[in-house]
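This report concerns only the one structure given below.
Note that the chains take the letters A, B, C, D, E and F in the order they are written out, and that residue 1 is the start of every chain.
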């Protein structure tokens, strides 16, 4: 199978039970994830040889991350061990009008304190087909910003397809910091997950203030991006209408060769778990692109995967490609017995 | 109280927690049920002397089935003990667009391997008012097919009212197998639960392909059935609009003496548990028929019971007839305090 | 900070898990509350020196009430200890069309058997700014009816603002009993929570049977009340449209100086916990009134607090005033990360 | 099967999880029991037609008691419904040196407020073989004291074997009160569970202060009892050496026809649940006596049942007579696979 | 790392919570195991390239087995998919004097119905260092008996070290059946786990009835075995003194080159989980033998691993070799902080 | 009541369920503690006005610490808010021979990064009777080392009794670092918790290598300490014999006025929770000293409190002084009912 590499921070997530705040909680549920971890898990579920590059502490929490990855068949050959702690965050699950809240406790993590010389991308990319990283990784430290740059350049140099997801997190850096860091990456990118707000705030594309259908707006932004970065071949993003913390409407957008393809709108009601939808979508897009699926099918597959993800607890998508295809074909809620 | 007999397979059900797949589950919830078990529990809750006929292994799981039945007052005098295992199934609970999935592990069960000579229907039916069985029982083995036939004939012979629910399960047999088995039963049936698809696929009634209100379609099918089996006095079924795994709309239909009676539509949102609604509906219909309630009230009572069932975990309906009547009268969601 | 006094029965609440009836439950969840307890917790969360007056037995359950109050900073200096038992109730949580059910087991409680001489309101009210009590307290015993009257008179005499919430409970007394008891309180009240049904059934104001917008109807009733009790300065209540046990629509009404102010309508979907919304609303109204917020802001703040309450398990609201204000400003369901 | 009648208060028990005090508990486990309930469950498990006489409120808690009884096959034909509440108690589970603590909240229960005319013992005892009641029943009210007396007299009159267990509870009455109430019962008793302390404190038999083996002491007391009440044919009790809340040593004593028979000593380590051991022992004794087992076997069977009970959560013993006999024969801790 | 192969049935285990019988359980805990699965997990934890050979159904339960194996790094390349069901068993956890009970529901499993042609041992054993199988595998079907024989012969032929654990299960076959099946395997075995009872009942070695230290007895039996099967180089077993279901005393025995080596006695108090100790012991022995550790160290390591296993829930040992070595060096119960 | 001040780091503790390693855990239990937090909770339970000085982040975890303290009545007036994170640790609960393991994740906490100028001890100590701090506080940063010194000097200067507990943690600093930091504190200490190993390793008192009763050894070390620091009036420590992680034997030692007083030995079997025993002991000693109890009673009370603590989950002792005194008087394991 194709070798795929992702690079990012593994995270321990604590989440509350429905209807409890953190300060009311006598126990918290544990899930392991992180944007690039989640993408690698989905890609392994789809049958690829996914390799996750990151760093974990040598303790029970680090071991749990390793087991999590391995249980889905993600290769941990390049997983580095050492450092002080595992990046952690708390998810206070919302309900209805009350939003979910995230508290980050990820500073000083083993990954955030990684040093340049700890990773040898040349070895890692040997034989690889695709490399995926998100904007979270460079946000964590100057060294990680440099490593992200180096990795993209090296991947390009070695003929590995490069995939980048903006994944802007306002709790990690400002728009200005992110823009300065990310723009130099773009000339090295083949596949890019980028939304309207990313285009405006991180790529300084002028905001459209006239009334206009959002499909048309998105097309406009994508054209502007491609004017600057003609190397980018695939652009994608989702429209997520957040009715409440419990109900979202999700539509995938895929821009390829001058055409915007859209999936049907999935009504995710209820949102069982709000995390990991974007990662499931990205993984689905990468699958469709790698397998040269028709564009319509690619974006439908990816959005279906994202919609399914939100019906499960945990950051990781649990579905095989067969299950997602079958779901695309027939969406209902009947018991299958 | 009236003696009522049901005959079928008791089942152990394992279900996942919301948002978990089976392979993610470190524990599963247990409920005991089975179509005929569920009907007998509801009828016992309504005050009848319900007797359940089935077979359980002599171990803790068998004992659990017995306790389940007894706790609702279902008589277990004719419950047979022996054989190798208890029929089991897994319910992976769906959410929103993701359907619930059933994995059957019921082969080789004590009940499925029952032998003809183990049951003496003559003794069982003595003093009985009504006998209920569903299409699941004959689907389990040739012996059970024969036993079903014998039981219906014997009931008829002894003046016991007979009730049959098609309950077609595609994981147990094909349409063709079911049709061949079931059609010979029908001349012995007084009360029949039969839906549109049953009429088409199991009774080979020609499908209406013209656009037509579904009420009219159902009436048409019911008339066709009665042309062939004039012995059937009561026909009923539900319209279940499956918005998603979490939201269903439920309406009861009751055809009697040439008239179709319909209940109001219940909006079941959320579906707490998808199993057992049909059995609760059947039990409600039997209650109304046995008690000679007006037809409108019968179908309203039955549908209300089914709607209430879906708000509770477990296969068994928990409501007394007084509670269901009171629910029919006043449906709201206020706290009663 | 301002000293605020509330007076009522602390209650132990047992609640079922979603989809279970009491008789199916092998364990029940515990929360501590009571109308006046809940208001005092909210007011302490808003930064006031809240003092709760009540009585608890000297056992682990009494100690739990004390810990509950203290954990939010409610002062327990005047909490009386003794008597036989803690007032208890059971909440069978509804779902969809099935309503939540309450079973009271609060008779003979330490509080219900309190004696006149056990409370010295003169000492308690010294330095107090506001006193809040509800119609539940006088419903519990003749002594408590007398104590409520005495407390309101004493508060008035000492220049403490008085607040009364009708909180009619049909399981505690009849309309007639409540009317007889409550009407004499009203001349001593400054702030009053009173709904349409209270006006009709407890204050004997003639019911409007003509079709009329409910806003206009409420204004009419409020004007009638003020004709009789010109001492009342603030009147408020909510419109609660109960779609089902799982979905409510909530709007706050505040009548001040001849004008009815209304909040936006909050769509509470799902109702995580049906208890305590009215208490959260009352506490929010008291905050706005005490802080002289603009009337629009007062009713918006109060309704937002009530809507947020329903997204959490337990009787007590958990939110600070800053969190509620921030929620008023921006209601969505996005993850904040 | 033989008809056996027990008469007493059904109780709802809340228990803490290991290592939690009540005031720390956010949920409590529920079990249903009561001394006479427990005996009836054990006797039904042994195959008798056990009838439990008591009174339950008409709500979910009452229904739960009924289901509990029925699930074991205990007949509820004479179970009275009505009254205000179900008797309740809290069990704070001990560990090691820390004892378990009981908080009673059983006053004003449906059973405690029962009236003389509610029970017709003549009807109940028709066809009965044995009647069992304990000292808890008369401790609950004057009416229950009178009913206990009447029931014993009636049973005697109708030729029903009578069984009485002292079951002294210091939280319900004083030694003096109990002695006054119980002594008049004794002339009507055939089988009596009575310990050393009962003999001294409730029957005013002089305490032996000289050093003496406890077997000899017990024999002495039993002889004294029989001097006064020659009608008593069977006397029994346990020696329970309480090493800690987690470790007990249990030995059964059975005095019959002038001879004291003793079981082996069971080392119950750990005590999974401290409640119900005495009731399991009593039920075992009654079984042996009713079946005319050899005295050694009777006391061994009864003590084994009590020891087994302590390895299970809940008040009710779960074992069939076959399981207990098999346990008597071979006590080890190997996995049986 | 060395390639190691194990061959056996993967099992789904349901276990009760402490103090509950199966019929009392509303949920059961899930663990995946099986003797050969457990050995492969331990060996993977020790750093070997463990390959598990078995067969799983293509459903969520099969997928769970696969994830279980992969999460520990066990290779699933040769795991066969298909068939009807996953072998299942129920463990009713004992406590104190009450033994744990096993109910098997493993008939007709995917593995038990495996066919000869489904496995190609030649391919599997290529590059392998050691092959381990237990007496459970041949007990499951004639085909599996034949496959076991073939696999041992093929391993021998290809120079792979062979390891066999008697693992007699009386619920699967009789002594006579087992003896007939197993004796022909022994000429092909290098390493053998065999206890006193195996020697007597399965190898028909005459039982020593004279009083004799059990060490001497064991040595005697081992000498007799080696007289017959001089090919066996390593013999081992444990002495397990079962104080109760909660307390075991465990000592390892290793017979090599004419000398019996014994570990210290581990007092396992409490037994957290009774399953998997023998498998952990076997894996430890294989590690010591493969790594040529001194015999004393080998048996100490193996027994320590077994003792540690019993302190954890689940069938699989969770410890690395470093953790076990460190435990061997210093056994206490202090908190390490 | 007397004002008592403690100063230290509040900690969030995650603990596993019995028999699970961290990497096996899908949820973790939460408790809040820290040595000085625990002492302040115990002292508040005994009726003192305890003030805890520390620093918490402004998020849900910080709020939870505040609620924890307040719920026991600990004053939080001087609790500082700010900084990045709450100190965290993981407790993998041991069982039997397997020790409990602690993973610290407390670096960079709000408290560890506190600055000198954030605390005004002059204000804090006004009106205080006693000040307690442990060796953990100065181990966390140079600033905290300086603050500890300043606080002890200021307390002395203001006539506040000073109490210091060595509480050496090898995961925080070396013996040498601790000795250098702590020795300068000692001239300012009145009450000191110091064990044998502290005397040898941190005070450089020569180790006794001859065989000698440990009581005599301890006396010797204490005399040596007093030779150097004649200002110390009270010295205490426990002998803790660790049979296994599940069974400890605990004896308190109190050296006052040249005499060593010892409590009885408590057999703590099982250890429900290994954390917080030392803090409960210290709090008990402070109570006895502050109340001038006889020395025997002081050490008995303190040790009883520690023994009771180990029977409860969580870091905090839950017992009132009355409960502990009653436990001292009568230790058994009978149910109190």
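For this structure, a couple of remarks:
Assume contacts are C-beta pairs under 8 Å (C-beta built on N, C-alpha and C of every residue); 3 or more make two chains touch, one makes a residue touch a chain.
Not measured: the values here are computed from a predicted model.
Contact with chain D and chain E alike is made by B, F.
With contact taken as defined at the outset, chain B and chain E are each touched by A, D.
Where chain A touches chain B, under half of the residue numbers in use are shared by the two copies, so each contributes mostly different positions.
Matching C-F against the pairs in B-E, B-D or D-E identifies B-D as its interface repeat (over half of contact pairs the same by residue number).
Here the spacing of chain A and chain E, counted between their Cα centres, is 42 Å. Residues of chain A in contact with two or more other chains: 21, 23, 26, 67, 101, 270. Chain pairs that touch one another: A-B, A-C, A-E, A-F, B-C, B-D, B-E, C-D, C-F, D-E, D-F, E-F. Here chain A touches chain E in the complex through residues 67-68, 70-73, going by the rule given at the top.
Those residues of chain B lying in contact with chain E across their complex are 14, 21-23, 25-30, 59-61, 63-64, 67, 84-85, 88, 90, 92, 101, 103, 105, 107-108.
Those residues of chain F lying in contact with chain D across their complex are 266-270, 272-273, 307-308, 310-314, 318, 327, 331-337.
Looking at the complex, you find that chain B touches chain A at residues 18-21, 23-24, 89, 91, 94-102, 104, 169-171, 242-248, 270-271, 274-275.
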